[in-house]
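One structure, pasted below without further comment.
Which chain is which? They are A, B, C and D, in the order written, and residues in each are numbered from 1.
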Amino acid sequence: MNTFGNTFRLTTFGESHGPAIGGIIDGCPAGRVIDQDFILVQLRRRREGDTPSEATTTRRESDHIEWLSGLMDGVTLGTPIAFVVRNSDCRSNDYDALRDCFRPGHADYTYQQKYGIRDHRGGGRASGRETVARVVAGAVAQQLLMEHNISIHATNQDRDITCTVLGVPAGIGEPVFNRLNARLAFAMMSIPSAASFAMGDWDIWRLPSNEFADAWQQGGTADTLTSTNHCGGIQGGISNGMPIVFHVGFHPPLTNPEGMICRLGDGSLKTVSPHGRHDHDHGTRLPVIVESMTALTLADFIPFSHKSPAQ
Amino acid sequence: MNTFGNTFRLTTFGESHGPAIGGIIDGCPAGRVIDQDFILVQLRRRREGDTPSEATTTRRESDHIEWLSGLMDGVTLGTPIAFVVRNSDCRSNDYDALRDCFRPGHADYTYQQKYGIRDHRGGGRASGRETVARVVAGAVAQQLLMEHNISIHATNQDRDITCTVLGVPAGIGEPVFNRLNARLAFAMMSIPSAASFAMGDWDIWRLPSNEFADAWQQGGTADTLTSTNHCGGIQGGISNGMPIVFHVGFHPPLTNPEGMICRLGDGSLKTVSPHGRHDHDHGTRLPVIVESMTALTLADFIPFSHKSPAQ
Amino acid sequence: MNTFGNTFRLTTFGESHGPAIGGIIDGCPAGRVIDQDFILVQLRRRREGDTPSEATTTRRESDHIEWLSGLMDGVTLGTPIAFVVRNSDCRSNDYDALRDCFRPGHADYTYQQKYGIRDHRGGGRASGRETVARVVAGAVAQQLLMEHNISIHATNQDRDITCTVLGVPAGIGEPVFNRLNARLAFAMMSIPSAASFAMGDWDIWRLPSNEFADAWQQGGTADTLTSTNHCGGIQGGISNGMPIVFHVGFHPPLTNPEGMICRLGDGSLKTVSPHGRHDHDHGTRLPVIVESMTALTLADFIPFSHKSPAQ
Amino acid sequence: MNTFGNTFRLTTFGESHGPAIGGIIDGCPAGRVIDQDFILVQLRRRREGDTPSEATTTRRESDHIEWLSGLMDGVTLGTPIAFVVRNSDCRSNDYDALRDCFRPGHADYTYQQKYGIRDHRGGGRASGRETVARVVAGAVAQQLLMEHNISIHATNQDRDITCTVLGVPAGIGEPVFNRLNARLAFAMMSIPSAASFAMGDWDIWRLPSNEFADAWQQGGTADTLTSTNHCGGIQGGISNGMPIVFHVGFHPPLTNPEGMICRLGDGSLKTVSPHGRHDHDHGTRLPVIVESMTALTLADFIPFSHKSPAQ
C-alpha cells in the first residue's frame, strides 16, 4: 500500500507524467506554523542535488506546492494535510517508443506483470519524481523533530550515503519486530534505487567479537554514553541516546543515454534510444530523500501533543 | 508492537526465563495438515545450528511444541493457531549478578531506559530465545509456500548470510513503500544481531552504471529472464520471476566469557563475570532464522485459499 | 486516523471551507474503466437528496471532480487514485460570529478540546461536506462490487434508514473481531449524525427466543436459504448468502435557524443567529452516504484481481 | 483478523472444545501490578452472570488463568502479556450429532462456507467461551483506566444493555472514521449475539429537531457541561466530558433444548436433539462482556506511560 507510518503517516499518489504528485499527512499535531521556506529548500535539494549542476536530471519542475487542507492561516489544525505538486513539464510524447517495451533494470516489466497495465511515460509511479511527496512530508516531520532538538544530516559519496541523527533520546523503538533499525531499513530500502542498508559501521559484521561491543564511558550519558559507536546508536531495536548512524547504498542510474536493449511483449529484444529526460546521476539528490525518510520514520515513533496556537 | 505481517501475521510473546515462549499465527488458511516433523527439524537447526557441535549455545531446551488452538485432528481450521514452547531449563539465579547492571553491547540499558523495568534473566524478551516463535511460524509459512513451489535456502559464512528464494512468480510486492525488498530488509533487520542488508550483489552500489542493469535474455522467462541477476530478482519493489537473492550481515556475539565491564544504574562501571549460558557463536543458527523470516514475509504477500480437507 | 479500510482503503482530507475536499483510494485493482456518470449521479444524490427540493441544504457546489492520479485514459492503473473536489462556494465571512463560540450539539466544543484549535467555518472537518469524498470512493467501490453482482440499496424514512445488500456470497466476514456486522456498524456510526445501528429486524432483541432463529428452507441456497431473515444475512460475523439487511438511525439536524444558545470560551452563554448556510433536513441525502459506506466496507472484504485492459 | 485495537491490542485464540482459550495483550505499559482478584471477579461474572443462578450455562469451568509472559513478580514488563485458560470440562462426544449438520441461527453454516471445515464441538471458535479472553484483557484495561478515574458500568434488562462510562475527559476520539462512537459500535457488535447499538437515548433519532441538541449549562464542565445528555457524551466522534452512555441489544439464545431442525450438507433437513451444554439465558453474563469491550476500546485511545516499579 501507499501509506508509510502508523501514527504519523504519509499516503502518497501520483505518476511521473500524470496531472500531479502529492500526498496526505495524517497525524500531524495541531497548532504548528509550517515553515514553507524550509520545505522549498528541501525540494530544491531534491531537484538539483546538494551541488546544483548539470549533473542531475534535465527535467525542470517549478515544484509549487498547493496546500489543500489541514491548515488555517498557515497553522496546522490536527486534521489531514493534503498537498499537491503539479507535473507542469510533461512531454509525454517523448515516451511513445517505450509504450510497448520494457527497459532493462527498470520496473517496467514487473509493473506490467503485476498490474497487466502500466503508465509507460517516464516510469509512471515508479519514477523518482514520486519522491517529491516524501520530501514535502519529510520536511514537515523534520520541523516537528526540531522541537525535540533532533536533527538529521545525510551525505553522499559514491552512492554510499551516510546518515547521522543527533538528539534522539534513549528508549525510542520497539524490541522485537518494530525495531528502530528495522524500521529505518524498511524506510531506506523503499527509496528508488536503494540496494543496501547497514547500521553503524558499514562492515560491522566483519569486526572480531572482542572489538564489537561499544565500551561504556564512566558516567557517560547521551552522546558520551560509550567510547565507540559501532552499533550506530541502537541496541536491541531501541535507541541508546548516542547518535544514530547508518549507511545506505544505491545502485547506479539505469537509463543509458546511448540506448538500451529492451524486451518487447513477446519476449523478443529491441534497441531503443530514449528521448525522454532522465537522471544522469541521481546521487546528489539522494541525501535529502534519505533525510526525509529518516524524519518520517522517527516522527512515527515520537509522540507529539496538540498545541493551542496561543501556547 | 509484537506482530509481524498483515494478512499472514505472527504475534509473539515470551521472556527467555519466563514460563514460556510462543505465538499466535493469524491468517493461516484452513484445510492444511501441519507437517510437525518439518517444524521440529527447523527448531533443531535453530537450537544446534546447521553443523551441530559445541560451537553453539550450551543451553539445552527440548523445544516441545504445544498447540493450543486452530487445529482439529492436525488440520488447520482457518482460526488462530496458538503454540507454546516451555522454558524448561531455566537457571535464573545464574543471572542475579546482572540484575542491577547493564552489559556492554546488549539491550539491557535501552530496555531499562524505555520501560523503567526489565527482565534481567538471560536477556528477557531481548534474548535470542525469542526466535523460537519465529522459527515455528516460519516453518508453517514455508509449508504454505511449497504449495506454490517456492523454496528458501539460506547459508552462513563468516556471519554474512546469503539467502536465495526460488520460485517466486513475477508481480509480488508493492511499488512504493511496501516494496518486497523493503519488507525483506525490515524482516531481516528485526533479527537479533542483524547489522546490514543488501539486495542482489553485496556491493551492487559500487558497480559502474553500464554494468549494473541486468540484460534481458531473448525469450527468457522466470529464471532465464535476464543473463545476470545483480538486482537480486526485484525491480521497483516487485519480483521479476528470477531467484530472489539477498545478504544479511550480523554482528558478532556480545557476551565475553572472560568478563565484561558493565554499567551500573548510577553510571559507574563494574567488571562482571557472568555465570549464565550464552551463545559462543550464534552464526550457525542464523540461516534457519533468516529462512523463517523470509517465509513469513512472502506468506504475507501471497494469497492462499481455504481448502476443504477433502480437497 | 482518516483512513477507512485495509486492502481497499480510502484516506480523506478537507475542511468545509478550505480549498478542497478529496481523498486517495488505495487498493483499487488495475484495468477498470471508471464510470464517471455513475459517480456524478451519486454526488448529485448526496447534494440534492433522493427527492431534490428546497428541503436540503441551500449551499450549491458544482462538485466537479478532478482526478490527479491512478488513471491513464480513464482506466485504473492499480496505483493510488487521488481526486479533488474544490470548495467553490465559500462565504466564510458568514461564520465570523461562530469563531469564538461553540454551538450546542455540534462538534465545535470537542474539536477545540482535542486540538486546541479548530476551523470554525461551516464546521470545518466536522461538516457534512466531508462526505463528498466518501461518496466518490463509494461509487468506485460499488462499480467493483457490481462485477460480483452485488448491489446496494438504501432508503430513508423519518431518519431510520434501511439498507439492503443483494448478492453477497456466503463466507464474507471474519469470525471474532472483524465481523461483517461489526464492520458495517463501524462504517455507519462514522457517518455524521448517525446515532444507532441494528442488524436485521430493528427490534430483533425483543423477539422471543423460539421465534428468533431463522428456519432453514429445504434445499434452499443463497436468498432462499432460510424462510425468514431476522438476523439480516450475517451469522457469527459471516455472511450466509441471504440479503444483508440493516438499519441506521440518525439524529435530527442540529442548526436551529431561529438562533442557538452557544457556549463561549469562558463558559458563559450567548444567543447567536447564524448567517451561514445549513442543512434544513439532511435526511434525504443520507441514503447515498449509507450506500457508499456499505460499498467501501464490502470492497474491503472481497478480493479483486488486476486485469489487463484487453481482458 | 483476531486482533482488537491498535496501540493497546488484544489478539485472541481458542476453540470452545480445543485445549485452551487465551490471548496476548500487546501495548500494556510497564510497571503495573496486575490485580488478579479483580480479573477473577470479572471472570466469575462472565461465568455465572451478575445474578448467579441456574439461569446461565450449565458448563462449569474453573477458569484458572496461567500467565505465560510479560510479568515478573506480578509486575508488567511492557512486553506482551500472554495468558491461557484451559478448557478442562470438555465432553466433546456430546457434539457428535452436530458434526455433519448446521443448526439454525448459529454460525455453523457460515463457518463451513468460509473455511470448508469447522470445529463442530460446542460452536468451536464461534462459541461464547471465546469471550473469556476478552474479559481477562478487559479487566487489565479497566485497571489502567482506573488510573485516570475512568469507570465503566453495564447493566442488563431484557437483553437491552445500557452501559455508562464515567470520567472520560473531553477530546478522546478521532473526527472522521475512528470516531469514538464508531469504535464502540464496532466493539459491541463484535460480541456474540449483539444485534443493535445506539448512542445516548435509544430512540434519539425519533426526537424532534428542537429537542435533540443538548443545551449548555452556564459555566458547566465535565459532567455538568450540558443539562441533558441525549447524545451520550460524544459529539463529532469525540468525547465532550459528559458521561458516555450507549445501549446494546442482543438477540435471544439460539439453542432450543427441545430440538432443532438442522440443515445437512446436501441441503436436506433433520431434527436434532442436542446433548451438549448450552446457554439457557446468556443475558446475565453480558454486562461484564460489554464492560470488557468498552475498556479495551478506551484503553486503545488513551496513552499510558511506562512506569518504573519504584514510582
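We adopt the following convention: a contact is a pair of C-beta atoms (placed from the backbone, for glycine too) under 8 Å apart; a residue touches a chain by one contact, two chains touch by 3 or more.
Predicted model only: the values in this text are computed from it and were never measured.
The greatest centre-to-centre distance from subunit A, using averaged C-alpha positions, is reached by D. Two chain pairs, A-D and B-D, are weighed by contacting C-beta pairs, with B-D ahead.
Here the CA centre of subunit A is 26 Å from the CA centre of subunit B. Rounded to whole angstrom units, the spacing between the C-alpha centres of subunit A and subunit D is 42.
In this assembly, the C-alpha centroid of subunit B lies 34 Å from the C-alpha centroid of subunit D.
Residues of subunit B found to touch two or more other chains are 1-3, 12, 79, 114, 125, 175. Here subunit B touches subunit D in the complex through residues 1-3, 9, 11-15, 18-22, 24, 26-27, 30-31, 66-72, 75, 77-82, 84, 114-119, 124-125, 306-309, 311, going by the rule given at the top. Residue ranges of subunit C in contact with subunit B, taken from their complex: 6, 79, 175, 303. Considering their complex, residues 1-4, 12, 102, 104-107, 109-111, 113-114, 125-126, 130, 158-160, 170-179, 181-190, 192, 194-200, 202-210, 212-216, 218-221, 225-226, 230-231, 234-241, 249-254, 256, 260-263, 267-269 of subunit A touch subunit B.
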